[in-house]
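Both complexes shown next keep subunit A, but they swap its partner, so subunit B is in the first and subunit C is in the second.
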Partner chain A sequence: MSYAVETRDLTRVFAGKKHRFRRKRTADEADEHLGPVTALDGVSIQIREGELFGMLGPNGAGKTTLIKILATLLLPTSGQAFVAGHDVAKDPFPIRQRINMVSGGETSGYGLLTARENVWMFSQFYGVPSRVSKARIDELMHVFGLWDKRDAKVRMLSTGQRQKMNMIRGFVTDPDILFLDEPTLGLDVNAARIIREYVLNWVRSQKGKTVLLTTHYMAEADQMCDRIAIIDKGKILACDTPEALKRMIRTETTFRLEVDAIRDTASFSSMQGVKNFSLTNDIGTNRSHLTFILEDEGPVAEILSLITSQGKKVHSLQKSEPTLEDVFISMVGRGFE
Partner chain B sequence: MNTYWRTFKVAAWLGWEMDSNWTEPWLFVIYSVVKPVAGAFILVLMYVVFVAIGRPQGDPAAFSYLYIGNSFFIFVASVLFGTFQVIQSDREWYQTIRYVYISPISYYVYIVGRAASKVAVSSFAVAITLLFGVFFLNVSIQLSWTAIPMFLAATALGLTVLLAIGICLGGISFLTAKHTHGLAEGIPGLFYVFCGVLFPLSVLPSWGRAIGQGIPLTYWFDITRRLLAPSLGVDTTLTGYDDLTILLLLLVSSIAFFALSILIFKTGEYFARKAGKIDMTTSY
Partner chain C sequence: MSAAPARRTDLRYRLGLNARAVVGRSYPRIIGANREPSWIVFEAFLPLLGIASYVFIYQAFGTRTIAAIVANDSLTQAEREAAIAGAHLWVNALVATVVLGGTMVAFWLNVLWSMASQLYWEKEIGNLQLYMMAPMNRMALLGGMAVGGMFMTSVRALSTLAAGVIVFGVVFQVADPLSLLAVFFVTLIALYGMGMMFASLYLLWGREAWNLSALMEEPIFFSSGMYFPVGGLFKIPGWGPAVALAGSLVPATLGLDALRQLTLGPASQAAILPLAPVSTELLILCVLAVGFLVLARYALAYLEVLAKREGKLTSRHQ
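Take a look at the complex of A and B:
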């Protein structure tokens, strides 16, 4: 079977920076900056044609590195990657004819051109006939709510409007394979919803369109993707449909607690029956949010007792259905934040 | 071939928009005329200083030599910097390089296309400077009809060499951070001194002459001056060569530099892709 995207044991290591002429680093700085960074570590995935595939992981997990390699921007250190059957390292040109990419949270664009001109120009690089391109741009400008700004110079657009323009740039060439790297990052709720709906409709309504979506929004991945790979520190931890991933921990029990801010959580790790847990602190309310993945409900009383023994108040306790975040916590022992 | 032409056409359009679209058309036309005229006055000032230092009686041939050389140097400064800064500006300023790079184009041709508008704008500036010199500063220019084909051929080859050198610098800039724009400013400075722009190579020490004769632009400036002002009679180190030989030397060196530019550009591109520097941005 041929895949739209396939990687085999893909590894990417970024060399550490060497500043030969800079002052000597302190030990802390050296720990932080020097030495190679393994962004991808033996990643093997197969994405079928027509699939909306999600790559879910926290910041720095290796999602963008993977997309850069697949989009022919970056060479792998070892392993292989194929897009539309072509090797990204050896044969990038036929790949480029069939792909496009959009990265969220960035404000790229030629400021002296209008939004329409910017998108049109990129479509010309792909050989889209000018008349077809202009019709598509007008349609997409309406869909993404940028019609009123179509003739505004890009330098006059807000960050969100530029992001919408870049989404249009991604779709105007009607690629077979689209790489969306955190496409809704920083967008308002409504704009994010429009983008999600458009992407879903684009994949579902046309045969053979494939999307690789990276995100760290659990709900986005859950709602949109046919399959999801969970990635952390460059490694794929699991890869399946959202339902199947959640089923993996359905035998376990998820409890969420809101308590007065706590610091000492070491005791939770050693508690029998606690498979994993995560802690996030809300500085605004001075409270902590704890998520526990438990083998059963047995340890709940002990957890509550431990918290109250520290003089902390439990504000809420909730047993919940597992989410993708719970899957991640169960595997890694921490949340995304 | 279709990909190359498509790339060139769109990149040239983009370059032209970037160069001309920053203001109203009428203001752009005024700017395009005033800038080279102002440059001509700087040349007059330089000449006055030279005369005051060395030749109190003045030397019209030397002034014409200096004036023509500097007029054509407008191409060097503009095209070299314009070519070099395509990667830097797309990467750092517009942050579009990743999307241009992953599109199905020839990135080499894209840079040539972007530089094409610099050639067009510079051609206008060179023409204005020369006309101003002829009509207001008594610069001696006598381009005969029979010399026009050779002049056009020499100009085309000279511009090819310039683009090739610019693309070599572009290949290097794939791997460097934004502060290396000094490279694109320093290299033209070297050409200004060693290529017979301001003064003939014959006044340089032997090592300076050797450097000058190794740079194709020297031949371009020499033959351009010979064709535009055949009566100048200034001694250069190339005086012994006839026009065709110099044109041939320019042709051979432009082919060599074109091949070199592909090699350096592709090498720079490969190492940038390997190191993850194609779309790097610097935060300092």
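Take a look at the complex of A and C:
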């Protein structure tokens, strides 16, 4: 069985920054900027041909690093990665023929060229004949709603229009494997929907097309992906279908509370039966939203009394079906922002 | 279970792929030159300001020489006329030298400032990772940059040349247009080959390389004889020849010397002090062209691996 993407114990370490200027650093800075960073730590995944595979993880989890290695832009420190059966480190050419990559917030292209010219230029690096390329571009411009802007200079495009252009750049070379790194970042609801639908349809309606998608939007991952890997600090914590992932925590109970804004949450984590929880503050209403993953319903009473003993009011309490976000909270120990 | 169709890898496919890549990469430059035409006017006339001071100095010398000839009573009328004609020829040769230098400076500046730092800027914009991810040959990428730069700069250089001829009244005399074309193109290839090599090196050095360009600009104007016959350096005892030889590594030096010989006719040779016969210079230029291209290829291949290992191929914020 061959996979579209396979990694074996893939590890990538970034060397720390050299001291250029000697000055005192805060502990935080020292943590962040000095010393080597292990961006990927023994990652082994298999993505089947025809699969829409999602990577879910917080900032700095290593998602982009993984995509860069698979896109032959970065070498692994150890371990191996295969794309379309070829080793990324030893045999990049046949991989490059078959892949493309689009990242959210990309600023590629030349401002002087029109949207159409830019996409055409990138297609030339893949040897797509001009006539084929131009026909595809026109079609995709219609699909993504960029037709009106086809002859606008790239520097005149809005962020969202630019991102649509980038998506067209990704599809115009007719790749077999497409890497999408937060492709809907910063897009409005409608534009994001168009992109999701197109990607889904592109994978489903053709044979042998594979997508690796990273995202911060849980609903996006849930709705689109055949399988999802949850990654944190360079490690894969779980990898399964969205349904199976949710089933994993079905034995646990999810409670959502809306309460007056609270600060002190330390006592929740030490409570018996609380597996994990997350807190978000709504500044507008001055309330806190709490999500608890509990082993059973036992601790609910204790949680409520702890909140009310601080003089805070509980506005709503709800037991709910687990979402992907709950899976994430349960595994990573913090929510997504 | 591979449902995806197999991809071609044969030689014809690769040639087509890389030819398309060169055209694609040169396109923004070629279009860019047309898209903002007002810019061409500036580009053509600004260099004239730079060379005007040299032209005026040479012309002033010529005027003084001619005045001295006229004032010299010991000459017969025929001798006087011959001497004045000689002086005019000499001034024309020097002014032509400067105009040709000003024309070729455009290419040198393009190589130094645009070609060399191109990959570095592409990285900052976010294009480099997309280039490196594509199946095209790396030399097609550099080649496309070079072709685009050559085209754009040729427009500028040609207009400088035309403007120089009109404004300063330079007279050129071309006996061997084929050699002239050969020298011109081999010089460009060697020059842009050097630019391709720099581009690879700058990819890793980043911003520091910018300073290196600034550092190289002026000394190379001097050692290449952009604004005076480089053979003159040989007349300076001691360090002169050493500087001229070092300068000859920059393809513009020998190319310019050969171009001057080929455009000014045998009568002007005494004024332009040729370094070597044109055939020798062309041969050396060919060697430089091949040498720089080969170096560029290996430098980029090596640095690509290094950059992929160190994580420097992509800009951090992406």
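Annotations
One rule holds for everything that comes next: the second predicted complex is superposed on the first by the 327 of 337 C-alpha atoms of A that agree within 3 Å, B and C clash if a C-alpha of one lies under 4 Å from a C-alpha of the other, contacts with A are read in each partner's own complex, and residues count from 1 in each chain.
Going forward, a residue touches a chain if its C-beta (ideal position, glycine included) is under 8 Å from a C-beta of that chain, and two chains touch if they have at least 3 such contacts.
Remember, it's a predicted structure, so these values are computed and weren't measured experimentally.
In this overlay on subunit A, subunit B clashes with subunit C.
A simple residue count on subunit A separates subunit B from subunit C, and the partner touching more is C.
Of the two partner chains placed around the shared chain by superposition, neither subunit B nor subunit C is touched by A:248. In the overlay built on the shared chain, the residue A:200 is in contact with neither subunit B nor subunit C. Using the contact criterion defined above for the overlaid structures, shared-chain residue A:64 touches subunit C, although it does not reach subunit B.
Once the two complexes are laid over each other on the shared chain, residue contacts for A:124 go to subunit B and to subunit C alike.
Look at A:176: by the touch rule set out above, it reaches subunit C but stays clear of subunit B. Common to the subunit B-facing and subunit C-facing surfaces of subunit A are residues 14-15, 68, 71-75, 93, 96-97, 99-101, 103, 106-110, 112-113, 117, 121-122, 124-127, 169.
Contact residues of subunit C toward subunit A in the complex are 1-5, 7, 9, 13, 16-18, 20-21, 23-25, 27-28, 31-32, 35-36, 125-127, 129-136, 141, 305, 308-311, 313-314, 318.
Within the complex formed with subunit B, the subunit A residues making contact are 14-15, 68, 71-75, 93, 96-97, 99-101, 103, 106-113, 117, 121-122, 124-127, 169. By the touch criterion stated above, subunit A contacts subunit C in their complex at residues 1-2, 14-15, 49-50, 64, 68, 71-75, 84, 93-94, 96-101, 103, 105-110, 112-113, 117, 120-130, 169, 176, 207-209. Within the complex, the subunit B residues that touch subunit A are 2-3, 6-7, 9-10, 13-14, 17-18, 21-22, 94-96, 98-105, 273-276, 278-279.
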